[in-house]
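Working notes for the structure below.
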Amino acid sequence: MADANTNMRLKLPITCFILEIILIILFGVLVEYDEETDAKKWHHSNHSQYDNDFYYRYPSFQDVHVMIFIGFGFLMTFLQRYGFSSVGFNFLIAAFALQWATLMQGFFHGMHGGKIHVGVESMINADFCTGSVLISFGAVLGKTSPVQLLVMAVFEVTLFAVNEFILLSILGTKDAGGSMTIHTFGAYFGLMVTRVLYRPNLDKSKHKNSSVYHSDLFAMIGTLYLWMFWPSFNSAITAHGDDQHRTALNTYYSLAACTLSTYAMSALTAHDGKLDMVHIQNAALAGGVAAGTAGEMMLTPFGSMIVGFLAGIISVLGYKYLSPILESKLKIQDTCGIHNLHGMPGVMGAIVGAVTASLATIEIYGNGMEEVFPDVADNKRTASYQGAIQAISLAVTLGFALVGGLLVGFIMKLPIFGAPSDASCFEDSIYWEVSSKKLLDTSKLCICPQCQRLSYGS
Amino acid sequence: MADANTNMRLKLPITCFILEIILIILFGVLVEYDEETDAKKWHHSNHSQYDNDFYYRYPSFQDVHVMIFIGFGFLMTFLQRYGFSSVGFNFLIAAFALQWATLMQGFFHGMHGGKIHVGVESMINADFCTGSVLISFGAVLGKTSPVQLLVMAVFEVTLFAVNEFILLSILGTKDAGGSMTIHTFGAYFGLMVTRVLYRPNLDKSKHKNSSVYHSDLFAMIGTLYLWMFWPSFNSAITAHGDDQHRTALNTYYSLAACTLSTYAMSALTAHDGKLDMVHIQNAALAGGVAAGTAGEMMLTPFGSMIVGFLAGIISVLGYKYLSPILESKLKIQDTCGIHNLHGMPGVMGAIVGAVTASLATIEIYGNGMEEVFPDVADNKRTASYQGAIQAISLAVTLGFALVGGLLVGFIMKLPIFGAPSDASCFEDSIYWEVSSKKLLDTSKLCICPQCQRLSYGS
Amino acid sequence: MADANTNMRLKLPITCFILEIILIILFGVLVEYDEETDAKKWHHSNHSQYDNDFYYRYPSFQDVHVMIFIGFGFLMTFLQRYGFSSVGFNFLIAAFALQWATLMQGFFHGMHGGKIHVGVESMINADFCTGSVLISFGAVLGKTSPVQLLVMAVFEVTLFAVNEFILLSILGTKDAGGSMTIHTFGAYFGLMVTRVLYRPNLDKSKHKNSSVYHSDLFAMIGTLYLWMFWPSFNSAITAHGDDQHRTALNTYYSLAACTLSTYAMSALTAHDGKLDMVHIQNAALAGGVAAGTAGEMMLTPFGSMIVGFLAGIISVLGYKYLSPILESKLKIQDTCGIHNLHGMPGVMGAIVGAVTASLATIEIYGNGMEEVFPDVADNKRTASYQGAIQAISLAVTLGFALVGGLLVGFIMKLPIFGAPSDASCFEDSIYWEVSSKKLLDTSKLCICPQCQRLSYGS
């Protein structure tokens, strides 16, 4: 398994050290505490300690943090021989991306006297941006080196920040839970990257591109944490008060309804009626994605449940029928099926958001309009115009994601980053110390049907 | 393993779709945001955004949510070949039950102009009700189809809401952590169901009704999350301020003491002094159950520790000596031993609550009496009367649980729901896609004592 | 495997029962609710329910609680045959230690009219003290009986409380995240204990002192929870407002930078450039330890990242080069390498804290000085003096830890506590019921290179 190309002894340390040193220098020059984290500034004003935003955002931040590191990390451990890489590379690129995102988002979202201000809101936003990188990681899972992934993160975070800036700051789009900025962007960016990195001979690693019993249980840890904390994700940066509360509630109902339609569709689409772990692990989460934009609006529990219900159906159908077509016709090898979990439900969420926004009236929102649609409340635009802006934002996001993914895919394709060979994809031992005795592939154990003797082989 | 009866291709989708569509319609007709989640209503009044109850209940809700999906789900993964079903069916029925519970509890706990109001409190209450269904699931684990479980959930949630209404609204019972409403109800309901579903030939699946090494570690994830977050569970819906704070503290001490007595009893009751994972996984939690009613009262840390200490002892003794008797004499096949974790400790918690209530005085509670025992504070009843009401509530709960479980058991016994055969209990591959190579049962690997050759078989 | 000495049938129950009964009696005599948990006292004053400290500390407490039980517990499951003991003994000694710590800390930190007051702050402090016992557990992991561990906890908690009292109350040291009180103390105490318990023939168990594939994934659950929640740990008991907020932020950046340097160093120090799970699981956490003292100070994100970056490098170098030397030269058998995760980073954190404190000025801290360095704000001491006190505190802590560990090690060495023999270390089946079919050691399965037949053996 030793291979000069995939040997990370110099490539990975050089990349990590250069990136981290650049980060440290830029943080030294550009970053300072915001008013809520700075001892002097906070105590300059006259307020109660309990007014600090820490108490109103930090619990949500921690839920999001768990989704990023445990949720995404373990969701991808379903592969039989790729658990170390799934959790470990997820950990590495997330730790890098959240630092880089703090700078990029800080730069685009407004400097304060030449300085980027940091606090719990920047922490949440950085985790959000990191989430979109991890979504893209799902498409190329098993086929990329950690250096490639860090390169991807460098560019994807940058483009994410630009797209987010255009949507939220220039267009005045609402997208609290990131159906567009996070899910649609991350998914189509990743799909384009994996298209560019297409491997015609990936069949050579096919036997490892599947799960074993315990790996599916590990993956369920990821699934459930994503599912449980999605209400916190969608509500983490909405306005305080009813907005956060309502967003969490809507997301909770969307996910619950989605779970039932996922189980129904999984059994319905199997000829023997057996449930497929791939669907349960992924499609049951589509309801959270699809409620990402409209979750903070007056979607109502009723509306949320319809959205979730449909998202689950679409997602399972995608896994069952669309993914094989994407692979065979469009040469998109999407390891985790991110198109079904983040792509289509993200687009759906954007559309639901546009429709819901266009239906907003002062009768429904009352004085709360100011917080959900400030431009509509201030009569700067009509609700229909806001809806149109939401729809345009989806198109902008798709454009950024596809073009960005195309370019970054070609960069990642440079033969200097230590990508694995076609025969050694989905295999931890390329990049990880795995003691030889662990190399016994228990999935190759089988029993002779005649003599009942155990043998080993494919 | 393919079997026309257990084939879920139509049964499960039809059930899920019908249930979810009914839910969506009823939510459309009956449910609306409460004052804290509605943009218009919240902004109509003049209050700080930070007064929204979201900030004072949602962290507790998320802890409870983790207990329901990770806690209960993984606690049941101890079975060697039933991990997908344990986590997966837990996920399905919980996602259904929390929606249905929102309606049932909303209906019984008071409509607002013909509408059910939802917010973080309804979310917590729905999760609580779901918890009782998952407790019952523990008794029939491995022996029921997902359709049977959904049928059980439909009826159990309804009866739970009725019983809860009688206790909390009519009788004025205090039961914040649900020793009665959740644990006693769920346990005796489930025990009656499993009694009705008695399988005389369950021996055929006996070799699968046990754990393997890694499955016990997965189960410990469930145990520890339940243990850690139980203080949040018991305090999630008590009055704000000292009440929530005290309840969490009492539960924390009860659990800590319970853990020591559990380890002690586990070693003491084994002839070779070895600890039994079944006890550690379950009995160490009995202290949380037993502090469910009295946790919000002035039980004192001292009292809480005594309660937890005794609960651990009772629970281990139950696993060791009572469960085999229940199975052989009363034909109650209780897979997870819910009688020992939820049944007896629940009854104990109810009794502790009755005694603690009857001892309440204004010297101890001061003005806090208003929140813990409002009827006593208002001189509507004496403390002893409150204690008597608590005891009566236990009897009412037991009655509802036993009669309800009996009736629902007979409904679940109808041969149309796809229950597994006696020989295929405790087996994921009946209802789940498990690739053939995963079917090697590593627990059947053994080594010939003479020739040291590996062989496979029972 | 049955052995009269390691048989826990009487030893463990007697120890647990005696300890718990003593605890209950002492709690009955000494402990009462504090003002925030007592119904009468809380309602005596006139304040909003929302002012209760429960709402500003409890979410942090729960994060810390998860670190103690899931974080430490699962981090140690990396051993192939010691998962039950890692999680299970961690659970037992933590449940004991948090009760005992409540008394010891309450006694030293100030009684109120002869009573110890308890509430969420005492819960956090007790969990902190428990953390140091679990750190020491890491050094002796696999080589001690549960009774030995309980004995260790009794004494270590006591010494911890004394050392903490000297630092925080007498010297006026700042150490919110416990670089000194928790990490340095726990590490050097544990190292001294394992030195005293040195086993020259530990080689007999060598083949079990390593991981297998799935055990490393379980350990990553522990790692990630520690990593994610470390910002909550360091900020859990700082002053409210900007202090908590800033501490969490600093720790978050320190950990992120540490992760990149850990991956870099892990690849760099391996001759084939492959990442080592031991480094990822442990060294990536060193940034949290190293930010334990200075985290609440105006360390700046820039400073935090430098600290974390260096901590990761030092920690990996320790695992790679120092640990083997400690074992061969100093006879310190440190199972989990706590010297590299808690020892050196703890000392580093103390030094960083001393330097940062000595640089504190009113220009930087403004009125916030009062909360971070009250003695400096009140002109009782200069910043340099505070820095000197911090440095002295490190020396005091090291002294307490080393002498304490030496004495307690000798107590634990008494041959009455049921320690395992040299040949049965790192083995669950000494103390746990592990069904015989689970005893097949899958790590011993191998395939004949010639005939491809499976065989079993070392």
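Order of writing sets the chain letters: A, B and C. Residues in each chain are counted from 1.
The rule is short, and it goes like this: contacts are C-beta pairs under 8 Å (C-beta built on N, C-alpha and C of every residue); 3 or more make two chains touch, one makes a residue touch a chain.
The UniProt protein names, listed by chain, are A, B, C = Rh family B glycoprotein.
Quantities reported herein were computed from a predicted structural model and do not represent experimental measurements.
Trainee: For the copies chain A (Rh family B glycoprotein) and chain B (Rh family B glycoprotein), give the interface type as same if over half of its residue numbers appear on both sides, and as different if under half do.
Mentor: Different, since under half the interface numbering is common to both chains.
Trainee: Using only the C-alpha atoms, find the rotation that maps chain B (Rh family B glycoprotein) onto chain C (Rh family B glycoprotein) and quote its angle between 0 and 180 degrees, to the nearest 5.
Mentor: With C-alpha atoms aligned, the rotation comes to 120 degrees.
Trainee: Could you put a whole-Å number on the gap between the CA centroids of chain A (Rh family B glycoprotein) and chain B (Rh family B glycoprotein)?
Mentor: Result: the chain centres lie 32 Å from each other.
Trainee: Please output the residue numbers of chain C (Rh family B glycoprotein) that touch at least 2 other chains, ranges allowed.
Mentor: 55, 59, 214, 221, 442, 445, 454
Trainee: Mind listing the chain B (Rh family B glycoprotein) positions that touch chain A (Rh family B glycoprotein) in their complex?
Mentor: Chain B (Rh family B glycoprotein) residues touching chain A (Rh family B glycoprotein): 2, 7-13, 15-17, 19-20, 23-24, 27-28, 31-33, 36-44, 49-50, 52-55, 58-59, 62, 65-66, 69-70, 73-74, 77, 83-84, 87-88, 91-92, 95-96, 98-99, 118-120, 123, 146, 214, 218, 221, 429, 431-435, 437-438, 440, 442, 445, 454-457.
Trainee: Which residues, counting only chain B (Rh family B glycoprotein), touch chain C (Rh family B glycoprotein) once they are in their complex?
Mentor: 51, 55-56, 59, 63, 210-214, 216-217, 220-221, 224-225, 227-229, 232, 239-246, 248-249, 252-253, 255-257, 259-261, 263-265, 267-268, 270-277, 280, 284, 298, 300-302, 305-306, 309, 363-372, 442-447, 452-454
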